Amino acid sequence: MARLTIDDLKRIKEKHKEEFSLREGGYRAKVTVHMGTCGIAAGAREIMTALMAELREAGAEGVIVATSGCAGLCSKEPLATVEMHGQPPVKYGELTEAKIKTIVKEHVIGGAPVEKLALVTGSETAY
Amino acid sequence: MEQYRAHLMICAGTGCVASGSLKVRDALDVEIRKRGLEKEVKVVLTGCNGFCAKGPIIAVHPGEIFYQVVKPEDVPLLVEEHFIKGRPVEKLMYKMPADKKAIPVMNEIPFFKHQVLRVLRNKGMIDPDSIEEYIARDGYQAAAKALLEMSQQEIIDTVKGSGIRGRGGAGFPTGLKWEFTSKSAADQKYLLCNGDEGDPGAFMDRSVMEADPHSVIEGMVIGSKAIGATKGYIYVRAEYPLAVERLKKAIKDANEAGLLGRNILDSGYDFELDVYLGAGAFVCGEETALMRSIEGQRGMPRPRPPFPAHKGLWDKPTVLNNVETFAQIAPIILNGADWYKSLGTEKSTGTKVFALTGAITNVGLVEVPMGIPLRTIIYDIGGGISKKGKKFKAVQMGGPSGGCIPEHLLDTPVDFDSINATGAIMGSGGMVVMDEDNCMVSLAKFFLGFTADESCGKCPPCRVGTRVMLDTLIDITEGRGKPGDVETLLDLCEDIKATSLCGLGQTAPNPVLTTIKYFREEYESHIHDKWCKTGVCRDLASFEIDAAICTGCGVCARACPQKAITGEKKQPHKIIQELCIQCRTCYDRCKFGSIKIGPGLKFAKAGATNAAVADATAVGGPAAVADATAVGNRGEK
Amino acid sequence: MTENGLKILVVDDESIVIRSCEIVLKGAGYHMEGALGGREAILKMEKERYDLVFTDLKMPEVDGITLIRWLRNSRPDTGIVILTGYPSQDTIKEALGLGIIDYVPKPFTPAVLLDVTRRAVQWLETRKPGAFAISAEMSSPAEPVRDDFPPAMAAELDKVIAHYKHIPGSLIPVLQRAQEMIGWLPVAALKRVSKGMNIPAAEVHSVVSFYSFFTMKPRGDHNIRVCLGTACYVKRAEEILRNLKEGLGIGVGEVTPDRKFSLEEVRCLGACGLAPVVVVDHDTFGGIDPKNSMEIVEKYR
Amino acid sequence: MIELTINGKPVQAEDGATILKTAKANGIKIPNLCWDKRLRPYGGCRLCVVELEGQPRLFAACSTPVQPGMKVLTDTPKLKKARQTVLELLLVHHPLDCPVCDKAGECDLQDLAYEYGKPEGRFIRWRKDKPADVRGPLIELNSNRCILCGKCVRICAEHQGRGALGFMGRGFPTVVTPAFGEILECDYCGQCVDACPTGALVAKPYKYKARAWYLDEKDSICSYCGCGCTLTLGIREGKILRARGEEDKGVSDGNLCGRGRFGFDYVHDPARLKTPLVRKDGELVETTWDEAMKYAADALREVISRGGAQSVGAIGSHRCTMEDNHMLKRFMTVLGSGNLDYSGAFGYGRAQKAWESCFGAAPHKIDLKSPLGKQAILVVDSDITVTHPVFGLNIMQAGREGAHIITSDFRETKLTRHSSTWLRNRPGTGIAMVNGIMKAIIDGGMFDKSAAEKIEGFAALAASLENYTPEKVSAMTGVPAENIAAAAATFAKVGSRLIVMSLGTSDNTKNADLVRAVANLAILLGDGPESVQIPAEYANTLGAWSAGIRPGEGGKSASSMLYEPGSVNALIVMGEDPVSSFPDGGGILRALKSLDLLIVSAITMNETAKMANVVFPATSWGEKDGTFMNAEGRAQRMLRVSEPTGMSMPDWQIIRNLSWAMDKETDIRSIEDIRKEMADVAVATEASVCRFAPARQPAIPADGNHVLLAVRDVLQHSGSMSTRSEALDLVVREAVLEIGEADAERLGIADNAHVKVTTVSQPHYSVYLKARISDELVNGVVTTSMHFPSGRVNTLVGLAADGGAAPCMVRIEAASG
């Protein structure tokens, strides 16, 4: 490592903010992919992969990705829930890779729920 | 920077490594790769989490899910359930002892819930080998502030203002120590960190050095400016290889990052820091002895005055602080003296880390605000006595220099002065909990054996005095105690405390003094009745089965190594005294408490009169000497 | 000493000299007899074989030089050492011509006599290898120590010394490195450290003996360390130690005869959460049931 | 000054003084077992604990500095109890063998137990019973009696610079032993024996000789080197049984080396001469004083009648008192002969001549304390810790206190080990080294040029130094030029400095030019004669010089009288053995054989006496009153402490009687008469001058087939007199040829084997010596010593042109054995 200046210290701190918000439990947005047996069968794994790729590409900050068990809506799988800080959670169903990309762009980063894809808003918080 | 959806923090402290955490890590690597999760789940090795008894420990973020006692064979299930299916695995969670209810979230586990983390602020949160992660958690901000924005006096004033007292044991105000040394004029000064954690039963310093080495380094950088030292050493026990490795890496990284060494952060301050490996001598925890050791000599203490603030290492002004003390400096500088004082009591500010061990349910490291009652630590955090049906007897604090605190003093707040008032000392924070099956005379003997062995031999009160006390205690535990022994011990303790050269000798009598103070009847019973009621002292115990309680389950008979227990199934059993070797196995195994402990039989046979005792002493004399030597000697080289 | 062992004859006309030699040499395990003068010596040697003869020079009747001449003719295999007051250049020259091994100036200290004897025995050994049953004590009466310090390591050790030589207070790091390399600290290595670091040997030894980390005895292939910290103690670590001692048949600080295991006690490893703890080499075993102590060890057989 | 009270009594103390020191100065006794003023406070024994009013804990008086207003209590019931317990604990293991312990009666532990102890101990459990270590010479270790105060360990390491003892182990089982349980190998100074507060270390020669309370103790001055230490002799029934050093006495202040402490027993050598001897029919036979005197006087008269007074010469002695020497001088004066000299001509006198060329005629003296407080000390081609051990202690002491010790020596010695810089020059190249240092100083401008230029001889010096460029000096000395430059810079830049060297009779690798070289260096740096310390060799070397034992006008020197056959016809040798202890023993033999008359006074039948016509038995040191002048120029009086051996007589009486027998009146009847005369002889105190006198490095012979023989003194010996001491002989008994590892291998020489040493130059002399392979030597040089008459090493060493011993090349070969 090169010699650091005080600005470097701040920069490093910033750079890692993301990871630590994860470990410290503070976040701006949380995306839960429901990965029960049914979800995986319906392709939740691919959705997860696409989600991670998109988030990485977008350089999204303050977003945590979680998995949960079956959400109970097996017919609409794959499912995901997006919770923005201070807003009610929004569930999206029958996801595809394309849909999840849109959701990341518009909802997670943009802050506006993607109405046309939303399944339900304000239900119980996923685990 | 890669992003992951989950961080799996696996503890790689000495305790967890010993329980196999690295093997779990390997299994995780394999499994995660197998499942194609390597870009989603990051596995981080952290330092000690404190909850060592339950290792290997894993915490998963987000969610703070806490897994304990994870074995490699649990890994496929864990990955499958938690990371694929998103279902935390209850089987691996902490369970409340009372109702066996699983508690998934770490901070809801009582062990963690009552803690306030300052020293251990980064435990389980960062990879100790990563300076970046440390920096990400405010690391080196305080050093930058101290070096670039604060004057020497401002640093000292802040530390003084915080009221922090040295965590090594004696509790000398850190700021004051720094101030004395800053005022000593010299061409060279030294700043030393004592990582020679030698108190048996204390391991907080090891934990900090392993889990958060940079916090120690940063505290030292700040201290070096405060006193004007340009050279420092961290003196670490060679028995702590992991701590040494982590510290060396951290020092290397900090040097490369310009946070240590020449012209730190372009502030114009230099501070060169090295790790110095101890070579196994408890007395090197004493500051003047530690300095002799760094000078390459035998670690024998020097009389004070002159104090190290004037003549320390190589006769230059020197400050020595403990690991835990240094780890607290950065937050004090960053958050201010008032923030620090907001916890704790007036004279003992801040938090203290305790190592909770012994006959307690939750063994581990806990950090709590000063001033909370012992009872809270032992019952709420520690979960009380581990063995069902056994009563709390005492808690030993301060190791060989400390003492035992009995049940009726459990509401004593943990702060320097209140603990001192009991006859124990805060020490480095080891708390060894004892239940009713522990013999206090034997415990005193254990500690005297320790100090007699670890005495450097420089002054007669310690060198010979501890040996003489040990002898007397051996006599008492082996049936050769005589009336007046307790008084002789008390008298000797007084003189040894008064005349010993260093803290080791001056405090060596404490375990004897406190056990006599609170458990004198145990001594009397050993001496007069030849009866160790806990059955620990073999010569002073006999075992019998209470037929009224015995269910005839046969557990004792199967466990008895001597086959000295007979009886029909479901009928009360009986111990054949001629075969019994008083090993206490039956007592430990019996779930019904049917084994009763009586006085030592060989003395009973002789008629436990004083005349007989005198006889026993005469007979036992030479053999006892041989025995005592065997117990105490380190074995000549 | 067996019958075919080494036999020494001390010849002097003063009985006090013979008596002193007897105390020193017999004390060190040598078989020694005395003869009061050259005549008695020849009489004795006509009856018995002696391998080594210590003789005074100035004796009435048959003097030392005469005796040596007789020995050279009649018992040419015998080693000869002269015991003498002031040896003049002439006597030295003459004695050397007669092929003596060495001489001991009188009066002499036990140390000198033992030293000369040891060297004389070595000299005899080189002539007749294996002819004498020499005990370790006799070949090095000071302190019998096993001192196999591989020469290859000497160069390695010298590098360490060279690196640390000018850093004050670095004796302990050097010793740590030496022990890391060799496994223990043989006397030869310590002498090398002493010389190289310019620190008196007594100081080096005293530092080594102070710290429990250092050992001047070779350890076994596997080193077993039993933690005797408080937490382990209250969880009956003493019993573990006792069981291991009995199981291995050795005491603390000792090595099993097959050199497989060595047993040590250690003061708190800071792994109290796992109490009671035993460490074998670098593996830590926690939560041990004392009665299973030996099971851990058996894994390393 | 700090004011405080001790036991209520107001006292004053210096800043930084400890309580113990202050109490001691005020006559208040504080018990202790581990304190020694020479050592850093240890604080181990815990007996010196005192109370400070207002402080709950006890303080160790030995290490606690006084503070203004401090109220110290040294004797309270609390302290009494504490001390009692400490003593009780010490006696737990200390054997009660006082009845057979040599220390009994003067044992600190015994005294304190008597003062504080209880009749019964509560904890008697172990008595240690390790056998005493009696293996080594002189010192016996009885660890059972040891209380681990560490005085011996510390005095040996910290003060004596040797470190032969150590604490082995830790805690209760600790024992004090030499390294690895081996036999004690050390300087055998015995400082540890004196320091030991119990009987754990005892001097073997004194063992079981006398109870302390039967000893009569008398002070005297050591008869060996020029330090002039005070010996406190223990005497019983007219026999000296031991010597020890006592704090606050004399120049040595409690310090002694092994020679002083153990070497006095030559006085009681059974081979001492007891009667006069005269040569009859070629044999020396015992006779009466009257007959011997008559014989000598008649013979002397006859020589004078034939060749005049100028055909008579005399050799005085540094071993004899000033009174003896004065008498000899007076005798020669009344005879009318100026042929007078002594061995000092080869050492002190050689140096003095060179000294005069730089500093003027005043005799050069040293100050034993001069090293203390200096910032740099340069020791050139000398091992002061061997030649002048107590002076050497001060040099090491200065080093410990921070002085740069720069040693230039070919051999690794105790001093080089204690030096901050060791310039390992080839033997005999000291002049080149010093010249090189000067050259570096001049070239680097590290001196006061304008001041130096004003001094006489500067131009000549500067010119002469042109031959001592760094490259040349490096080539000559074998020391890298940068090391010399660094040493020069260090030495020139400090504020205070000292140069020390020795030049003795047997030193064959240095000469008078080295004295000039060091004097030049001192003058160059603006220092005066006091900054050059060249101690006189022996106990009375300077005394004999001051008594005028030098060739008078037109008189012959030792180089003439002893080496030129026919130089004189009669020779009186007082207290010397030139045949075995002067250079070129062969040459001396030849010269002595040519004499008509040789009169020798001696204490034993030495090699010179064996050739004499008359031998007078002289009383030795200890058997007579007299005065020695040490190297500091301090005349120290000694009293007779022991009965004279046989019919022996003090040398001055012998010479006086001879003058009477010759009818030559000197007006001297008694020793008081001599002292009166000596007082009358005003010591010439010439104002010192400073001038440069260039010194030239002589070529040191070198060739691949042979090695240079450098004669070096042995620590345990001094001249040849010490070889008469049985105690010292137990340590080193014969001249040993020391040889470097590579040379030994090349020449096929095994350790401890005999070698034949032969001079390369004509005539070839050979001696047989035992070889010792040494890791302290470089290749191309071997060393041995000249002390032992049996070694005849002085036959190998030639006489140098400026007087004294000359360098010599020798051939070494394994002797058959």
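Order of writing sets the chain letters: A, B, C and D. Residues in each chain are counted from 1.
By our rule, a contact is a pair of C-beta atoms (placed from the backbone, for glycine too) under 8 Å apart; a residue touches a chain by one contact, two chains touch by 3 or more.
No experiment lies behind these values; they were computed from the predicted model shown.
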Chain whose average C-alpha position is farthest from chain C's own: A
Chain nearest the global centroid, as defined over all protein CA atoms shown: C
Whole-Å gap between the CA centroids of chain A and chain C: 74
Inter-chain centre distance, chain C versus chain D - centres from mean C-alpha coordinates, in Å: 36
Interchain centroid distance [CA atoms averaged], chain A/chain B, Å: 43
Chain A and chain D, separation of their C-alpha mean positions in angstrom: 91
Junction residues of chain A, two or more chains touched: none
Residues of chain B engaged with two or more neighbouring chains: 281, 298, 453-454, 456, 634, 636-637
Numbers and ranges of chain C residues touching at least 2 other chains: 199, 203, 206, 209-210, 212
Residue ranges of chain D in contact with chain C within the complex: 134-137, 153, 157, 162-170, 177-183, 417, 726, 729-730, 733-734, 752, 754, 767-768, 775, 789-792, 815-817
Chain D-facing residues of chain B, complex: 281, 298, 302-303, 305-306, 452-461, 463-465, 467-468, 471-472, 488, 492, 495-496, 498-501, 625, 632-634, 636-637
Touch list for chain A against partner chain B, complex: 1-6, 9, 12-13, 15-20, 22-25, 27, 30, 32-37, 40, 45, 48-49, 52, 55-56, 60, 64-69, 127
Complex interface listing, chain B residues touching chain C: 14-15, 17-19, 51-53, 55, 197-203, 205-206, 237-241, 276-282, 293-300, 314, 355, 357-359, 363-364, 396, 399, 430, 432, 434, 438, 443, 446-447, 450, 453-454, 456, 561, 585, 630, 634-637
Chain B-facing residues of chain D, complex: 41-46, 49, 57-58, 60, 62-65, 78, 81-82, 85-86, 89-90, 92-93, 122-123, 125-126, 147-148, 150, 167-174
